[in-house]
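Below are structures written as structure tokens.
Paired with chain B in one complex and with chain C in the other, chain A is shared by the two complexes that follow.
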Partner chain A sequence: MSLTSNLFILFVFITVVLYYILPHKIQWLVLLVASYVYYIYSGPRYVYFILFSTLCSYLCGRLIEKFAENKDENGKTGNKKLQKAILICGLILNFGMLGIIKYTNFVVENLNALFHMELRGIEILLPLGISFYTFQTAGYLLDVYWKRVKAEKNVFRYALFVSFFPQILQGPIGRFGRLANQLYAEHSFSGKRILHGCERILWGFFKKMVLADWAAVFVDAIFGAPDQYSGLAIFGVLFYTIQLYADFSGGMDVVIGVASLFGVEMDENFKRPFFAVSITDFWHRWHITLGTWMKDYVFYPISLSGWMGAFGKLMKKIFGRKKGRVIPICLANLIVFFVVGVWHGAEWRYIVYGIYNGLIIAFSGLMADTYRTWKKKLHINDKAVWYHIFCVVRTFLLVNISWFFDRAESVGDAFRMMGYAVTQFDPSQLLTITTGAGGTVQTITVLCILGAGCLVLFVVGLLQERGISIRERIAAWPPAFHFAIYLGLLLAVGFLGSTASVRGFIYAQF
Partner chain B sequence: MEKLIEILEDIQPDADYENCTTLIDDGILESFAILSIVGELEDEFDISITPAEIIPENFNSAAALWAMVQRLQNE
Partner chain C sequence: MENNIENTMENDKNGKRKPVKRNVKRKKVLRKKRTKGMRCLISGGKLVGGIATVLLVLFGLDYLLYPCTFMRNDIHTVTTEAHQDIFLGTSHGKINIDPDVVSEETGRSAHNLCVGGEYAVDAYYLTKLMIETEKPERIIYEVDPGYFVTEKEVGNNYLLFYHEFPLSRAKLEYFQATMMECDFRTAIFPWYEYIFKYDLEKVWETVYQKWMHNYDVSFLKGSKQEYHESGFIERYPVDTTQLSMENEALKLFTRDSVKQQNMEYLERLIDLCRENDIEFVAVSTPVPASTLVAYEANYQDAWNYFAEFFEKKDVRYLNFNREYFADFSHEITNFTDYDGHMNGDAAREYSRVLGEVLDAIPSME
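Now for the complex of A and B:
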């Protein structure tokens, strides 16, 4: 059930009506039933995987807490070893399931290629949302272990935290401490909240259907035949930037908007990423919940582990205090971005994509002191407008290079297209790409729609970057203008939305 | 506390550590800086900082960091 389908809108409408007309005490149950109906409708056989993940993490969470409270014969509370064993067991069960389903075929393919073996892979479709709910449950277990949250006692309530339907397909990756209480709380009907939610959903539809799906037509053509469209390589990656951002952030607008209809405020996943001044800053603004998850549950634990501490001491001996202090952090960062790459998919291009990002951030970390010295010597004021623009453009270019790996069919294709991007340039080839079902829409019209849509997105982003709340500004205008703006958006979705084909969301496949 | 401020200024200069109470919330301290601070604090004050301690409440100000150091020294 796609987030942009009529069926989904009807489903949300019915759920909202039931949510507010039934007794408030059972609102969370309405959400749980709706979530499972949604999940089972999307694929009944996938339900076993989410049930397994839910039950495993629920039981492990309860056990960790139980052993944390138990007293030994000396009156000391908490058997730390046992808690750790249960935590590891829970993580292995959760990530093991994800690993087997998502990565077995990748490992088999590479073993076969390396050792000329004939191992057989497994035939299984990736269960919906598995990469998202596995991370959510693993985060919960670690939070219980670190005593950041209390373990949930009611298994049905916990099941809602794992399966909450707006977020199940593509996040945001929720944290138990912030999300769970909102899901279980009673919410009264608020017209203002419903209106805000609908506005956000409409904005998401606009991004997805007017921008992402049209940009996808060009992306598919160019990346599908990189040699045929060699003069368009640079356009290919720019269109992919539009598609990926509008698709993923548009999907998040729909998800966050739908959740807010139920009074649930989900974590934001995007914060104008193309205004970032460095790759580090970019990852603070792009897929934020994945970035913070990685930071809290992978980066910090690896960096503070015993073996990394020993490595750090060795590095300090060899490279001195300052550099030796940063090298282990750079290594941990590389490991994190390797995991980010692998999380995106079982393909080498994703691994290269992750390591590319990791290397840039690690290098920046290593050079931070040197950069500071250079800037001082060259009298560069890093608050100056020109320097800020330079940093934004530099980051945009670095991010676009990474997209070649993210989108190309293979690492080889990515490098070939990068070569085309700097050696060949033929914009006229754009007009040879067929748009619309059977070429029913003029390519030039689609390019104009995309141009206008990007301009709207840029202006909105720029205003938000300056701390201006567009929603509040619009709300302050006379109701007729207010209405006209949203009617315009609705008409844009209806009349300018892609007619090429119905497309799912990119991140829903992860 | 003086030693702590010295460590902070060495790792991430150009911040008002005496008064700022939003070092994490405002992104003044990034993850690289946080881990560098943790490493230095562990060496300087002979404490062990676990991932569970790395929360904004402990790192948003020099005073909060100092309180964490003192608590861990007493544990």
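Now for the complex of A and C:
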């Protein structure tokens, strides 16, 4: 059930009505039933996977807490070893399922290629949202283990946390401590909240249909035939930037908007990423919930582990105190971004994409002191506007390079396209790409729509970056203006939206 | 007490403004009491007003921007006029069958409701709609094997039919079966796919036709083809020496690639006709001989498959590429492409042959 379908709109409408007219005590039950209906409708076979993940993490969480409360012979509470064993068991079961389903064929393909074997892969479609709910349940287990949250006693309530339907498709990756209480709380009907939710959903549809889907026409053509469109490689990646951002953040707007109809405030996943001044900053603004998940559950545990401490000491001995302190952090970052790459998909291009980001962050960590010295020598003021713009442009370029790996069909294609990007340039080729259903829309019209749409996004982003809340400003205007703005946005989706073939959300495939 | 004192300006007896101190506690309470009820009313009014405005705008835009298609005429005709024979099927049926010529042979009134992109699912709900409105006596279903190995694209292909359905149970069922999975724009902006190719000068013409309930079809005439009131699209002859089979995007049939959903709807269509005492006849229109030779395996597989299927369903199947091959010339000069779309003259000739065969059916029983 796509987020843009008539069925989804109807489904949300019915769920919202039931949510507010039924007794508030069972509101969470309405959400649970709706979530499972949504999930089963999207693929009844895959419900076993989410049930398995839910039950495993629920039981492990309960056991971890139980053993944490038990007293041993000496009167000490908590059997740490047993808790750890249960935690590891829970994580292996969860990640094991994800690994088998998502990565078996990748491993088999590589083994076959390396050792000329003829191993057979498995034939299974990726269950809906498996990468998202696996990370969510793993995060919950770790939080229970670290006593950040109490284990949920009611299995049905816990099942809602794992399966909450707006987020199941493409995140954001929820944290139990932030999300669960909101899901279980009773919410009274609030017209203002509903209106805000609808506004957010509308903004998401605008991004998806007016920007992402039009940009996708060019992206598919250019990345689909890189040699034919060699003069457009640089445009291909720029269009992909528009498509990916508008698609993913538009999807998030819809998800967050739908959740807010139920009084649930989800974590933001984007914070104007293309205003970032470094790759580190970019990852604090792009897919934020994945970034914070990685930071809390991968980066810190690795950085604070015993073996990393020993490695740090060794590095200090070899490279001195300063560099010795930075190198373990760089290594932890490399591991984190390797995992980010693997999370994105079982393909080498994703792994290269992750490592590329990790390497840049590691390199800038290692070079931080050198940069500081250079800036001092060159009398560069960090706070100067021109320097800020320079950093934003530099980051934008580095991010765009990474998209070649993310979008190209293979690593080889990515490098070839990078070569084309710097050696060939022929914008006139753009006009040879057919747009709209059956090529019925003039390419120049689509380019104008994309340009205007990007301008709107840029202005909105710039204002938000300066701390101006556009929604609040609009809300303060007279109701007629307020209404006209959103009616205009709705009509823009109809008048300017893509008429090319219908496509789903990119991150829904993860 | 201090907080309840409000400094205001009021007119005195002489009409001069002067400052006055007033206890507003009672006034505030009253305002609060009043506003609670009032606020609800205002909010409700705003909501209703807002929704009404949006609906009005959407309805108005639909009226202005959704063009008058030939399907508007077709569906209007079959739901308001009683016809004995209705042709359903794909573009081959639309272009190769002239119902007026068939009628001359059979003596039965007929309308052509075929169209490119009409899958079995559409034919099924169109039949349901006709049963609700003007039930035909016979459905002649044109079978294009390519339509059973491909899936219908979501979007405007459903809208072409759905938009013209009059309010009915069939419309609701068709929406539920097909449009639910479509992009929400199909429901609120049915014109969205037309907007970029819309001729603004035609807005008034569109509005005039809709307002006057005018079903004139004279404007549906282009440089390559012409739509007739009977639902037949006449293609003008082309220079066949310029045609190339490589340029055709043929949907080739293989038994393994049959989409079961399409077959299920065809079965349901046959059963629906049977339940409602509507005679059902299947037809495959002629394909150029050179295409049949080039893709012999695919076509033979298709003809065998459908012959078996219709035999199992006890349905008469008139295949002009096999049993009735000799009845009509398969020379490419009769066609406008290698896919099997005829020119107008050939279509009329073929329709005469088809009419004769259909007319002979009762005596065959």
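To be clear about the criterion, the second predicted complex is superposed on the first by the 510 of 510 C-alpha atoms of A that agree within 3 Å, B and C clash if a C-alpha of one lies under 4 Å from a C-alpha of the other, contacts with A are read in each partner's own complex, and residues count from 1 in each chain.
Just so we're on the same page, a contact is a pair of C-beta atoms (placed from the backbone, for glycine too) under 8 Å apart; a residue touches a chain by one contact, two chains touch by 3 or more.
Since the model is a prediction, treat every value here as computed from it, not as a measurement.
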Between chain B and chain C, more extensive residue contact with chain A: C
Touched partner set for A:N6, first chain B, second chain C, both or neither: second
Touching partner for A:K295 - first (chain B), second (chain C), both, neither: first
First (chain B), second (chain C), both or neither touched by A:H284: first
Partner chain in contact with A:I329 - chain B first, chain C second, else both or neither: first
First, second, both or neither for A:R372, with chain B first and chain C second: first
Touching partner for A:G494 - first (chain B), second (chain C), both, neither: second
Chain B versus chain C as contact partner of A:G191, first or second or both or neither: second
Which of chain B and chain C A:W146 touches, first, second, both or neither: first
Interface residues of chain A shared between complexes with chain B and chain C: none
Touching residues on chain A, where the partner in the complex is chain B: 146-148, 280, 284, 295-296, 299-301, 303-304, 312, 325-326, 329, 332-333, 365, 368, 372
Chain C residues touching chain A - in the complex, by the definition given at the top: 43, 46-47, 50, 53-54, 57, 61, 153-156, 175, 179-189, 191-193, 195-197
Touch list for chain A against partner chain C, complex: 1-2, 4-10, 191, 205, 209, 436-437, 440-442, 445, 479, 483, 487, 490-491, 493-495, 497, 499, 501-502
Residues on chain B engaged by chain A in the complex (per definition of touch): 13, 27, 30-32, 35-36, 38-40, 49-52, 54-55
